[in-house]
Amino acid sequence: MISKKVANVQEALKGVTDNMTFMFGGFGLSGIPENAIGELVKLNVKGLKCISNNAGVDDFGLGLLLQGKQIDKMTSSYVGENDEFERQMLSGELEVELIPQGTLAERCRAAQAGFPAIYTPAGYGTEVAEGKETREFDGKMYVLEYAFKADFAFVKAWKGDAAGNLVFKGTARNFNPNMCGAAKITVVEVEELVPVGTLDPNHIHMPGIFVTRIFQGETYEKRIEQRTVRQRD
Amino acid sequence: MLDKNGIAKRIAKEVQDGYYVNLGIGIPTLVANYVRDDIEVEFQSENGVLGMGPFPFDGEEDADIINAGKQTITTLPGASFFDSATSFSMIRGQHVDLTILGAMEVSQDGDIANWKIPGKMVKGMGGAMDLVASAENIIVAMMHTNRAGASKLLKQCSLPLTGVACVKKVVTNLAVLEITPKGFKLLERAPGVSVKEIQEATEGNLIIEGDIPEMDL
Amino acid sequence: MISKKVANVQEALKGVTDNMTFMFGGFGLSGIPENAIGELVKLNVKGLKCISNNAGVDDFGLGLLLQGKQIDKMTSSYVGENDEFERQMLSGELEVELIPQGTLAERCRAAQAGFPAIYTPAGYGTEVAEGKETREFDGKMYVLEYAFKADFAFVKAWKGDAAGNLVFKGTARNFNPNMCGAAKITVVEVEELVPVGTLDPNHIHMPGIFVTRIFQGETYEKRIEQRTVRQRD
Amino acid sequence: MLDKNGIAKRIAKEVQDGYYVNLGIGIPTLVANYVRDDIEVEFQSENGVLGMGPFPFDGEEDADIINAGKQTITTLPGASFFDSATSFSMIRGQHVDLTILGAMEVSQDGDIANWKIPGKMVKGMGGAMDLVASAENIIVAMMHTNRAGASKLLKQCSLPLTGVACVKKVVTNLAVLEITPKGFKLLERAPGVSVKEIQEATEGNLIIEGDIPEMDL
């Protein structure tokens, strides 16, 4: 068994420098790599190009990196719920590339799986496709979109083992598995690092081969963005 | 004239037995409340869940179980969770039968704009561009006019497009309309709304053939 | 919950006719849809075009359809271990298209996921790429391969429920999940049809939305092709 | 001169700590038996398993747990099962560090032919074309000559290719050779085999620089 386990977040983030491109798992604030983000704030690396479906909120998630003006460019599908983000974008401090959510997921998967590019119908005929190659297949139009190239992917899983095998929980799964192995280095933090052999080989969501480093995360806040409940009768 | 719940209630009648349905944020979310009890429907959310149930009881919410609107949700028996790539395989691969989403503008050719007001609102398209580019059956739920009273059913969209020639049907507070090669075909009037009122609120080409029935809600 | 359950293999195969294109899950004899194959033999449909990684052995798996001369064309990656297959191929009775295994998997996934085509490096510079479009990305050459189009996909899962949710076992998984939803109609047979709600939503390999019909399979032989064992000391 | 086990033993020395390795059918499968105990290696099989262990004990074999050679296998702690598309994501995405496979012919440019003899043997390429098109590190395990005594290390392959300019190293019953821009560079001789014997058995351009050591097995 090849071990990917490292002692802590500091060791997991070795090699991180200014001007790198990072991928972050998570949808809204669900399933985001809280420990890695916290450490990136401490490291205060600048000039980052970030690929993440969302940009967090003002005081949590990627919003923390935005507050420190650490991010130069965001590639996302939806960036509402963040005033500082909007301010930086409108003032031109922050470059923003908005792309369809399915395109974002598949450009990650393409990088993971060794595909140089994909053809997707999403965005055809819109400004998202401007300047991009398009092509007809069977009477339908598609846009050519390229695999992402990133230095680090920061992933959050529910459970994992030293072999790097991962299990996600609920909708906190989202982009996390698609980003594993999609960057040069994949850093995974888990809520629970379990002994090797305790995860059922049939029920591993991402095999360890896609993971470079794994560590036991600490003190997850797991903030809820829209607490929506119903009352008991 | 319908309120938001009325629009949702009318759209719910379009949902058929055995449909997998993706509901957008806003009015579409309300549709789930009005689907008939005697048919089987499953709701998909593009962040990675199929078989969504009602919101959780107070105290039972789970940060790891949300919908695409980031709301805490529950799941029903038979539900499944999956990653984003798989979720959009369902959407792009046309396994989702019906997509219901809001819009800022719809054109008589079925173009839709709902993600950006240049210089003003730039939140992003989320999964909407994937949904409208792939879905076979798209219903738009929206008010017939904007807050300034201007029509949202246009000859051509003025805002950046989300998708081209994709909308099949529009349900507004005033009417149910079908997109046809010649424009918006008026199918039904909202209760108490006249054809004339709909004509005045529609900038795009409106096709009125025969007697237009009032909606049966 | 939308039910995909049908009473038996006969009902599951309704609509099957001559000259159709079928996908079959399985690798070698592992994870093959034994019940569907048996019924296709009984129905004696002819002129079939089959997409399957392998072609079974003389007296089991797809070999049974070959014996009945029901297959006109096979698209596979490896067709050894089958004398009747070889005879029909060399005599020209059977058209055979051999394609790389990863290409086969991904052409299924493309059909499932709504991609019209993919770029893969596999087969570039070989006769597999002859007459096909090729393209350079970042200095490496790729071949354009199209999504499969099939009428039925026959899939074998370990456990499943009436909602069509599937769980596979071990390497019997193979192409089975990639073929779900990749044909107009996806027919799944399971070793065990379990009550809805008993499968953990976190651990469903294929959600029911990709499945058209599901039924409880019967009397699985699960033949082993290469029984390889070691002796106890 | 080496037998098949000797070739496997020599190749095993190329396997480094932390490598994910895909072993082809035949001689490559034997390599697993000779990997050093003090390094960590995981074996991948393209039909959907990572972390393969030894063959099962008699009576414990499971039809649902096989390798790409259709042999019954076991798994080690930390193993995982996955579908074929994911398996080839590992291969195409260059997550597998080393591929060891057999060949019928290898050219001095690193081309490999191992899947077809026109009109004679047409079993198919299986996963070999994906493996050789993507792997960074490919070692071929084979006999230096065929049964008729003809060289299998050629200027150009005569059989249909499996992949182009992809092989990095060849280990045969006679020698270890590296593919260089100028041809086969002789690195090591098998025990008791002379440089002259290797020269006679090699049709492709053979580069001999300095003293060629005997393999240390």
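General observations
Order as written gives the chain letters A, B, C and D; numbering starts at 1 within each chain.
Just so it is clear, a residue touches a chain if its C-beta (ideal position, glycine included) is under 8 Å from a C-beta of that chain, and two chains touch if they have at least 3 such contacts.
Because the structure is predicted, anything quoted here is derived from the model rather than measured.
Listing every chain that touches chain B and chain C alike gives A.
Two chain pairs, A-D and A-B, are compared here, and A-B has more C-beta pairs in contact (counted per touch definition above). Look at where the CA atoms of chain A average out and do the same for chain D: the two points lie 36 Å apart.
With centres taken as mean Cα positions, chain D sits 56 Å from chain B. Here the spacing of chain A and chain C, counted between their Cα centres, is 33 Å.
Centroids built from CA atoms put chain B at 28 Å from chain A. For chain D, the set of residues that touch two or more other chains comprises 81-82, 85, 88, 91-92, 134.
Among the residues of chain A, those touching two or more other chains are numbered 109, 114-115, 120-121, 168-170, 201-202. Chain-to-chain contact here is organised irregularly, matching neither a line nor a ring nor a star, and falling short of all pairs touching. Which chains touch which is summed up as A-B, A-C, A-D, B-C, C-D. Listed in rising order, the residues of chain C touching chain B in the complex are 1-3, 109, 111-115, 161-163, 165, 181, 196-197, 201-202, 204, 207-210. By the touch criterion stated above, chain B contacts chain A in their complex at residues 45-49, 54-73, 81-85, 87-88, 91-92, 111, 115-116, 119, 122-130, 133-134, 160-164. Against chain C, in their complex, chain B makes its touches with residues 18-20, 40-42, 44, 50-51, 75-82, 85-86, 88-96, 134. Residues 114-121, 137-138, 140, 142, 146, 167-170, 201-203 of chain C are the ones touching chain A in the complex.
Against chain B, in their complex, chain A makes its touches with residues 27-31, 53, 76-81, 86, 89-90, 96, 98, 100-106, 108-109, 120-128, 158, 168-178, 205, 222-232.
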